[in-house]
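Presented sequentially are two complexes of subunit A, the first with subunit B as partner and the second with subunit C.
This part shows the complex of A and B:
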């Protein structure tokens, strides 16, 4: 035979392009592209836009008495007047941003507090786990709104206090969810590898475990944001909100409900905006969660990942 | 040749209806009473083919073309109703993991009867058949056995129940998807013999999917080797394993370790292309040592060479070239008077109050590798974890270069942690998926050394080259790497801090044989170059000879035998070791 030695192996080019990417960004983007996510995003963005731009485009001062009490909608006052004769449209446009900021801060407090408690309970186990989770159980045994009312009636209705109270009332639920997610992650070998490097527990949780909890964290954030909006608006309705004459959507519903038959728009519009906002954030969060756990991944991608992304483990 | 039971022609499975092909041009035939082995690396499409034989695909896949003729009827042409009637009765499936395939909430008797009730009238009276089929798979057909739940059975018994369910209706075809992968060698051997004798005595055709060539070679009469969704070589076991022609088959066979010979293992570098990236020509060309330029352009049809069908452009030339097996890579004998790097004395370890290790003793000379061998549950991983400090509930003493070791990693000082490095079994869980390769290795240096950022990154690049990884991978995330690449990253992470002792815990058990060979060779080279002491934990006796100088055999937490590898493998003193060695599947040239 002419050939008696193998030909030298050809140079092997790297076939696969390897690129850096931010997974949670990718996930957010693919969530936004699902029908569910797109609807949620549009709804929520619309309300946010109203709240943010509103104060700059409002035709009248929200506190000026410019029309009749419960005046019917007219060309000059498209949504009519409220119980004191203030312009409803201007009050609606001005009344959103406080709610949004309070909801955002309360969510941040709830998520960070809950995550810290949940992750450390799960990772440290033992006594810490017992103490943290029993405290969580105690708070969980009160309905969230009742818990917030209890604290506020003890401490007084300050805006910052309302925000913190709502945030704290979220923490236990967040802690429960993240504890179970952490139990799973902390059993993985890379956590053990970090322990063998002599890493301090706090650093293990922060550097190794937390980055792997991005998906549950984002889902929780969306969910808690929705609840924050509902609870803060609800508290405002019950009288725990910015003091009069400030305009907020929750207060407006309360103030104007007596005139429901005279000028329903003064109640309907703020209620509708709150509803759209919560539906929007909740729908988008749902879309994100589905993408993150792979329900809504396009079937072809799913098959590729199942079939070829993993090797059989023994 | 007996009558042909199963005939598959031109099977093609695609991703979606018009996506790239996952499996293409798969054709083979299986006579009654015989077993065809379907082998290949993970991702080669063997499980896809196996499922397609039952007219099933995983989500997102779609059978685009081909016929699966079982006794003359095309299963792929059946309507949903007929297909349902055929599954379980005429064609049945044994899945890989019986512990997840059996319903944990139902008694095994209920599950067995269920199959027979669904296909009522297939075979006589249900209770008679249940007892009969249990006897066929060599289980006791007692009421007590039937009343058990799956978790009350051992892994081997569970797999026998799965086999019994598959054989219950006396099918014509049975598809087995790596049914022995999770089992111990001795259990594996018994299950394999059961499968073989059942197929023979009832004239069942079987397709046996496996990545383990040694297992297949002892069981089957014909083998189809799959690569990148195609059958690259198919023929009788004797011919195929005796004189492989396709370079890929040769590569696979060269990578299989053997307990009988001490020889260097040769793996196959590179990865197989994924669906949609297979391009024209031979998919193996990029990894092939025999490739010529035509290989990448010609789409080839299988040719018949030396009694088997081969999909290779150079098949007829290659037939005449017999690659020499590499001579015994001198796994050097331990230097006589070397001081022990680590000694373990009277270590008893517990989980809660259950002891799993009983007064285990072990000595690791510096610059030598000691293999710790045992079946699952023998305590070998626990031993490794005690040494590394991951498991701290133990008594006894472990000394490292003369000083006593603290029980847990938290009580050990930094320098000690640096000098004893641990490589985990599963590279899919030992690397943080949110960090890049560069960050993972750099973190090790950051924790253990006071080097500046620039010095560290130079070391990281250096160590990647040392483990034969392309430095381009620095900014990749672990899920962008193959299993072999991940395990190399894990090895690099351990080596970058220049340890004295390396503990390798089943580091190849989740990898393909072709990759296993590369990793074992890499570890052996590094151990020699760096004069490391090494503890190599494995359940695979065949690997021991390729890497270790001495071995310790563990059984249920106790050492039954220890000594130089050659003595243990050739003249085992303990009956347990003898049985282990006897049951190791060996690559046979089809003698059965």
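This part shows the complex of A and C:
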């Protein structure tokens, strides 16, 4: 066998890119086929479907005063009225898509910013590493929600600003996780080979390192998506969301909670939708992490990295 | 886990002596004169403290920059576009905006150190008088929650580990996954629905405590906020404790203890538990860190007069001196707890004590 070896590689070049793409597609698929993954996917898809199709099937305008304030559920208004007498069902159906879009964009900002910072800190080392990681330390010294409130306090609660703020507040945690993942990868032979061929650092990071970080990157994306939904819905609940007449689930919970004993559905239904969405995304992420990374990681590291975005110290 | 973590608490205490050989080897390389001969743990702690001070300074710069410098003129942002020039000028003087950036920072930071963080823009009262009772109320909330949560989490985690793959273990693992996904305001709303409005009416839904009074005057108001935060932090502690306990129970030293005939309760309490607690302490510390942010939403939901609710009110009113002060307090708590967690974890884990 070994005697014939020199001829074989030249005859059949290996399709490297293809193998990698195939791999993460397979990972997603096998995660979706585990019981946990399937449950998570079904829950999240249900809520996404409600949010996307909702505006087209809502019976009333979400802003029209059509029934009594905190009116009880009836045949015409299955979920009753809200604190001003608007149709709760129509507001629920209209109130999801803004949250979903904001969460998706915030996650994209956090992941791309954090990945860029983390990968370049680990690969470039030296001064860049020091500066990037100290900046990360400083931002991590604020609780995430407090950091978001700080930035919103002067610029006012515009939607694009909330989205960017939440994205930026994710970046340091993503950077930490990807920095430690990059430290492993950048020592491998194929990276050294690319460097010896004279590849520019930016290209090495983009073409050689990043494709090998797909698993941690996707686990992070799932986690950050869940946290984005949690924080954006929470900010809307605190009054920093789409301005008043607009319907969003977080805002609805806050504005209708004084009438909980009159018409609890105006609070329960939006709360349940947010809960199903975050449980769905988190459960699927958990299933994916089990398939892609495995449960055999040391428990300390797994618990620390997953939940609070910190790598175990030293 | 290696044999190092298998040492009993009594042994770990002895290892801490100054003249232990492993330790003196680690000190050897060139160090600043003041630290030569100092215990490596002490050196590590000093280093962490120094880094903490630097980070706190940078944090204060970020807070200052974000609230006062970032969007051009803060006075316009507060008063709105159609403010009269006279009012803008008055506010600029109140905020020291008419001076240079470094001057402004100096006035603010020296005010902080002399116990005078300025006046509220909303009512003109001193910030300290407004924030002080809130700090105490929030501290009560955080530490009561932390104590109950740590105890409950460790107990439930240990039980789940002892009954590994039993029904309790399966139920908790599903509940843990679900609860860790939930935003804290949903947990709070769920408790309000369950306990104070729709289903039962046993507890007050919002606290009617007057701002400036202390929470322990009406302890029943603490029940729901504490319950919410305990539910939010327990899953993380439970999961960590379970994992560490499972690892300890499967270790050689536990098998050894069983083989030599130590009673099972003693194996669990004296051999496995102390080694499982060490890694759990760090997660408990991280949950204290989480509480610094978690209290904001929970205090708002229950109208609990702490710093979190004060921050939301101040952000709504754009009361800059109050925002600056509260954010800095929360960040300082965060930095200090971070250091405390690292130090305690260092002291609780024998193999980490040998300096790198």
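Of note:
Operating definition for what follows: the second predicted complex is superposed on the first by the 272 of 314 C-alpha atoms of A that agree within 3 Å, B and C clash if a C-alpha of one lies under 4 Å from a C-alpha of the other, contacts with A are read in each partner's own complex, and residues count from 1 in each chain.
Following the convention adopted for this analysis, a residue touches a chain if its C-beta (ideal position, glycine included) is under 8 Å from a C-beta of that chain, and two chains touch if they have at least 3 such contacts.
None of these values were measured; they are calculated from a predicted model.
Once the two complexes are laid over each other on the shared chain, residue contacts for A:208 go to subunit B alone; subunit C is not touched. In the superposed pair of complexes, A:268 makes contact with subunit C only, with no contact to subunit B. When the shared chain is aligned, subunit C comes close enough to touch A:238, but subunit B does not. Using the contact criterion defined above for the overlaid structures, shared-chain residue A:189 touches subunit B, although it does not reach subunit C. Of the two partner chains placed by the overlay, only subunit B lies in contact with A:198; subunit C stays clear of it. In the superposition on chain A, A:286 contacts subunit C only, with no contact to subunit B. Note: residues 299-300, 302-304, 307-308, 310, 312-314 of subunit A belong to the subunit B contact set and to the subunit C contact set alike, using the contact criterion stated above. Those residues of subunit A whose C-beta lies close enough to touch subunit C in the complex are 36, 134, 137-139, 141-146, 149-156, 226, 229-231, 233-234, 237-240, 253, 257, 260-261, 264, 267-268, 271, 274-275, 278-279, 281-283, 286, 299-300, 302-304, 307-308, 310, 312-314.
Contact residues on subunit B toward subunit A in their complex (touch as defined above): 15-16, 19, 22, 42-43, 48, 58-61, 96, 178, 181-182, 211, 269-271, 273-275, 277, 285-292, 314, 317, 320-321, 323, 388-390, 409-410, 412, 414, 417, 421-422, 424-426, 428-436, 443-444, 447-448, 470, 472-473, 475-476, 479-480, 482-483, 493, 506, 509-512. Across the complex, subunit B is touched by residues 1-4, 6-10, 12-16, 18, 20, 23, 188-190, 192-199, 208, 211-212, 214, 299-304, 306-314 of subunit A. Considering their complex, residues 55-56, 58-59, 62-63, 66-67, 70-71, 74, 77, 177-178, 180-186, 189-190, 192-193, 197-198, 205, 236, 239-240, 243-244, 246-247, 279, 282-283, 286, 289-290, 292-294, 296-297, 300, 311-312, 314-316, 318, 320, 323, 327, 330-331, 334-335, 338, 342, 345, 352, 356 of subunit C touch subunit A.
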